[in-house]
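In the two complexes below, chain A is the common chain; its partner is chain B in one and chain C in the other.
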Partner chain A sequence: MTMLEEAKEKWTGAINEVVIGATKAEGGTRAAGVTIGGDKSLPFMHYEAPIKNRPIVALEVWDREPDDWPQPLMEALGDAVKSPVAWAKKGIEEFGADLICLKLMSTHPDFGDATAKDAVQTVKAVLAATSAPLIIWGCEHDEKDNEVLPRCSEAAKGEKCLMGVVTEDNYKTLVASCIADGHSLIGLSPIDINIAKQINILVMEMGFPANRIVMYPTTGALGYGLEYCYSIQERGRVAALSGDKMMAMPVICMVGQEAWHAKEARAPKEEAPDWGDEKTRGLFWEIATAVALLEAGSDILVLRHPAAIKATKDTINKLMA
Partner chain B sequence: MKTFSVKFLPDDKTVQATAGKSVLEAAIVAGIPINSVCGGDGVCGKCRVIVKSGQVEAEPNVFLTRREIQRGMALACRTFIQGDLVIEVPLESRVGGVPQLASEDAVRFGRISERVGEGAVFARNPLCRKEYLELSAPCLDDNISDQERLYRELRQRRDLPIMQMGLAILQKLPDLLRKSDWKATALLGHRGGTTEVMDVEAGNTSQKQLGIALDVGTTTVVAHLVDLQSSETLATQAKYNSQISLGDDVISRIMYSSTDTRRKQLRDLIVNDINDLIAGLMMASKVRLHDVTYIVCAGNTTMVHLLLGLDPANIRRDPYVPCVSLPPAIRAVEIGIKINPRGLLLALPSVSSYVGGDVVADVLVTGMTDSPDLSLLIDMGTNGELVIGNAEWLVCCSASAGPAFEGGGITCGMRATRGAIEHLTLSAGGAIAEVSIVGGGKPLGICGSGLIDAIAELLRNGCIDRRGRFVETACGGKLREAESGEPEIVLFPGDQTALGKDIVLTEADINNFIHSKGAIYMAAECLMAHVDLSFNDLKHVYIAGGFGNYLNIERGVEIGLLPDIERQKFHFVGNGSVQGAKIVLLSRDALAYVQTRIADAMTYFELSSDHKYMNEYSSCLFLPHTNIEKFPSLRNKIGAGGGTPAAAPSAGPRRSATAGSARRK
Partner chain C sequence: MALKALDIFKLLPKTNCKKCGCPTCLAFAMKLAQKQASLDQCPDVTAESKAQLEGSAAPPIRLVTIGEGANKLEIGNETVMFRHDESFYHPPGIGVIIPDNLDEAALAAKIQAAAKLQFVRVGTAIRSDIVAVINASRQAEPFAKTVAAVQKLERPLVLMSTEPSHIAKALASCQGQKPLIHAATADTWEKYAALAKEKQCPLAVTEPDLDKLAALTEKIKSAGVADLILDVTSHSLSATLQALTAIRRLALKKNLRSLGYPCMAIGLGQTPAEQLAQCCAYIAKYAGIVLSSMDQPEHILPLLTLRQNLYTDPRKPIQVEPKLYPVGAVTNASPLLITTNFSLTYYTVEGEVEASRVPAYIGVVDTEGTSVLTAFAADKLTSEKVTAFLKSEAVKEKIAHHKVIIPGYVAVMSGALEEESGWEVMVGPREASGLPKYLKTVWKSG
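And then the complex of A and B:
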């Protein structure tokens, strides 16, 4: 019998390594930073190249109590949702999230219109309450973000936060802040590999380092465009591994936000008696989406349900074993 | 129904119009050329007029600012007559002026003139020509009919197996031959294997054989008067296609032509334009209309349909079938064109509904089908056309680029007529360093080539980012907020312009232009990919279209309109339609060649069926391109992450800009 040679893809490129969070020695106050990216092969192809950094899981935390999240999710989170500080603390200490993704929802003009000062206080309080790295996400209202995020950036100076989001139409203000305060950035593109690359170029042409950019190519939940997002992410990764340095940025996915938006995750039992237990349906939807996107090459998964965090981390452990 | 009088200024023309008609309709009756890109649908905002006095009813619209409405500004198509009116048509709203003639510049591209004549590819043998005959007088020994006598003489000179002669000629023949002492000139027309004696004239008129090469464009109509014996061009004339007032592009004109009356209206407009041009040619060259016996025209499929009075409706309906692709030679008089009443008109064959005789003419002119070298032809316009191939094969596609190259959809955009900013160099902060204006004087607006320059220069100076968005800090205070709320840069303040109105470029203008240039580049890339070749395989890139002639190659590459290959591979064809028509006018062999080697040999490739097109289109909506590695020569200038682009313009554009200024009279 002849031995078959193992077919290995020979890639010329690699995904950039991005560090989130700075320790005291590095000028911040985090217990440890977390590094993502660095892959030299498609996800979990251990035999092609060793995987340097495992994907990480963030808990999505809002600065105001969500009023339209389904009951099973709210029950799992408990009273913590009333305070971003308690929510974040619980996320790290109990749920086992690697880091916190703090969404400044209350600053949106339609959802409370909280001031930059309020947002700065929240950011400072969350940073004080946990020692995990922090993602700071604006309300995606361009004018308001440009007012609020630079102040948050300044308040978190040195902490090497990951801040977002910038788009093709609105990037200059936040890029300038992140350059000044040493943070990393999230570039949002609407499921378009070209626009993702264009944002990276625009940001870098302002002098921003490539190894501080994370791409958010937008996320689709299971049954709601997941396969489209999957293939966009995969194409991006193949381009990066083939040597396109402008696509070599790690990827963040807003899994919880999208999964819990699906009708299948939200519908109460009375509306869909045949769809199975309401308590686990949404959770499974979130896990299924998260696990699929791991295989597409996601580096940060932002989740909502504590059990989804656990299940996704278990899966990562298995895939890394 | 009540009628009112409508007086148009400054023309001082008055027409009667019934109540409720639009000012635009009255203007068409009055023959006032008002710019109406959308054909009166109220969506383009270009037909601005000023109501000086009188009662009108105006529909609200989004194009006019409050200040403009207070000044009496109104859209002609949305303003309805309710009383006697005095209307002023401002310069900016006129489809006026004379377009720039690109043909003079095409001489630089020397190959055209060498295509017909002795030792050239095509012999000089026009489809329609004169033959001087000295017949022997009949006698009892030789008493064949007058017609046979004429045929016999012709057959002694040439191999003409089948001949025809119409009744009208026969009726005048006996008298004419006897009065001219059997010395006469026969006008012969060839159709297929048949030779028709189209006319017989007394004496020797064979020295007076004239033809007209015609470019029937969607926007411009160009006519060249050609001596069929010497191949010399005696005069040239150009004007804007008057059909513009009924729609700016082919689709809006097809939609307009839905009834017989409207189709006739469209035909009359173009026929009048052609007759005007012919009259101009006669004036300029002092020849007789009677001696003009042959017209060859090249135009896109729709324009040829409209000229011949054919229904173009199916051109825009799936599966996009034209009425005819090889129109027969007809008598010009049949459609109302005034030359010799027996004279012929021939339209060049088309390939498909969207690849017309104009493209076929371009290919003929470039000579790309004579060579094994791979060539790409790009005809830039609202409907861009691209052809790739060589002597063996041809593949073409059409790309809908939008009207930006012709100034459409651009706030201060205009066609390349008097007053248009044609070339532009900026210095730091977006200040004007050099400018050239068509016809000199103060600028009126900006045309396609000026836009390319402006955008390339704004990018070079860091005033816009690679997405085409303004960088406020680099615009030296020239940036402001337009009434619409978007940012705009003031290129020329009102005190420096012809109309006293600021000439600006808005972010939306830049964005529109980026979409146009992206469509052309993407089409070129898809076409190359479709035949499994790359830009580097090209030996020549030919740029056709009136706009293409003034295009600065270096800047065209810098903004990602043209592929980044050696600059000496680019050639300007100029007005390929009229040049191609001229070659066919002079040579019947060229006509056969056009039919068999070009029109029949061309494979049409439908871009919209290509997945790549939609997937990759967004990659072209960037300056020059999302994948900078496709533009290796620009990498150092706009390097990835290399900060703002280099501000110093290279030598290339300067040289061309000077050439551009020298061209202007």
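And then the complex of A and C:
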């Protein structure tokens, strides 16, 4: 027996496989669906078991122009941020993202209070602009999400989108919509394994299939709570591989959102002369956060900077080799 | 990993002579397993058995020291696969590789750049704490010269050359410093081992194939060098990462002595972004030394921060100092927000206050590193504590008004707090994410 065989851990469980996106033949209009999960090993440990699906990278796209994103990020994205359609198109065609994560920020009562009708229009336009799978993310205002997301779900019926987020206190409306329209769901559980399980149980009690749930344990940026998320994700992965079916859902991480919030990514040169090149700082903060969370076990990484998408995909390719 | 009583029993004389004070050898073995007896109590144990038993008491991953004095780097002696199982103990050395083919000005610039790789994060100094010189010139003279010049950094050194005689020459300027000699291979190990033994230096062994690596470390150990570091860098990130993980598992779970050493890996790659990604992967997964050619602060700060994050003891909540923190260009009329000293809570609040662009003070109350809800439930965030904080000298000195914003989750303490402190209590949002809006609207109009 070789050393690598000797080192093998015998896991009994596996991460669930979740498909995002449906082709014409499957009732949608996507060019192809993308499958995540399925791992029977620790992340990228090919010697333990063959790895079926690689983690995927989504571009975070807003339905309104962000007004407080740092300059280096805005420059890299260019004018596309003025329209979610152009932004999404560029994300797939130029930046090389596997899919789009559309955040309906403008529907939030504090950030424009756009109507469900506006949101439906955006969702339809983004679906028409690219043939990549779509994640639809509400504004995380319970009442507004319950008003907007069911309409978006209906408008995207059959596309097998990934929709979120549901929480312990607010899940029934969106679960019902996703059952009716064939979408998958993201459950939000702030760095807490028990809450994550609880949400999975609640959602499944409504008849929602386990293989359409993705967990969002919240994300901490490098230097801002990364270690909590890292360990929660590792614990979740070990539990799932050890046979805990309520932890077997794949994981999504909001890497860009958190990394670009860090002071190291935002501070202008005058404020942080010792931290080095302002243009690279935020980008590298995003890449480092992404790579660390890949190691902990992440299935979808949502990123913001085009170069972070490139570097992260490049790293995933190397890790899958 | 400790041996079981029966394994120990097999190594004892089995004479039941009672000289150790125990009625039988098996009883003595059981005491040894529970560490209630010492092997010295048995006068008849053979030298081989003694060596074997003493070896089993050693940690599964050897602690290896590079360098001497205050700046020495200690790596290895890790006990778990996952930080959530306990903690990681010896943070990896992170350093720059300096080639020996630079002209004088370029070398001076490189050394200066490396010297600047130190920062303060969360009140802790973090820095690049090792430096390597590589014999790119393939000549002895420039290598020795560069090694001598790099001494200025006062960091533990890694001497990298495929020619042991070049390392021997460079060691002349490293008296008493125990640099890491890099690296023995299957073909050259004898010369490297002899050098490491003579100079009492730790030795890196490079061989990406684990079976060959284990065989190699056995030979080197027999030649008298015990302080080894396993360099498993290959041209495949995937293979390197798997080797690092497998070595950790074999050492900890299978008690495999021949791989029971700390590891190292080098971030290769054409661009800094590629190198960064590789170094991050190696820091997360088990490398004891991570080297690359990156030497700019924006490249190294993320690596040092990642190391700091992952080597934080997860059993101890990290805390910020309980005091008054200004965020932005504050005045004595700026709002005052109360939160706890759990660092994740504090940094979340700080981030949102910063994002609001409303200059504000954050008043951090000592809740022993617990979050708002936990602290409140455990009586660690009370109206008495907040009152004491509001009456502190720091607050008197900096803040001219008497309005305090408390977290939405502890709204119920408003009445008691108003009464005790005499301050006007404003109830803020439950989640920090609501702060920008709160500060821009409620505070401004209040």
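As a working rule, the second predicted complex is superposed on the first by the 316 of 321 C-alpha atoms of A that agree within 3 Å, B and C clash if a C-alpha of one lies under 4 Å from a C-alpha of the other, contacts with A are read in each partner's own complex, and residues count from 1 in each chain.
Simple rule for what comes next: contacts are C-beta pairs under 8 Å (C-beta built on N, C-alpha and C of every residue); 3 or more make two chains touch, one makes a residue touch a chain.
What you see is a predicted model, and the numbers here were worked out from it, not measured in a lab.
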So, on chain A, is it clash or fit between chain B and chain C? fit
Which partner does A:280 contact after superposing on A: first (chain B), second (chain C), both, neither? second
If you count the residues of chain A that each partner touches, which comes out higher, chain B or chain C? C
After lining up the shared chain so the two structures overlap, which partner does A:47 touch, if you call chain B first and chain C second: first, second, both or neither? second
Contact-wise, after the overlay, does A:169 reach chain B, chain C, both or neither (first, second, both, neither)? first
Rounded to the nearest 10 degrees, the Cα-centre angle chain B-chain A-chain C in the superposed arrangement comes to 70
Applying the touch criterion given at the start, work out whether A:197 contacts chain B, chain C, both or neither, answering first, second, both or neither. first
Is A:271 contacted by the first partner chain B, the second partner chain C, both or neither? neither
One more residue to check, A:94. First (chain B), second (chain C), both or neither? neither
Could you grab the smallest C-alpha gap between chain B and chain C in the overlay, to the nearest Å? 7
Go through chain A and flag every residue that touches chain B in one model and chain C in the other. none
Within the complex, chain B is touched by chain A residues 168-169, 172, 192, 194-195, 197-198, 201-202, 204-205, 207, 210, 244-246
Touching residues of chain B toward chain A in the complex: what are they? 465-467, 469, 471, 616, 618-619, 621-622, 626-628, 640-644
Contacting residues of chain A [partner chain C, same complex]: 2-4, 6-7, 9, 42, 44-47, 68, 110, 220, 222-228, 230-231, 234-235, 238, 261-264, 266, 274-277, 280-281, 283-285, 287-288, 291-292, 294-296, 307, 310-312, 314-315, 318-321
Hey, which residues of chain C end up touching chain A in the complex? 82-84, 116, 119, 121-122, 210-211, 214, 236-238, 241-242, 245-247, 249-250, 254, 256, 259, 272-274, 276-278, 280-281, 284-285, 296-299, 301-303, 305-306, 308-310, 312, 314, 344, 347-348, 351, 354-355, 437
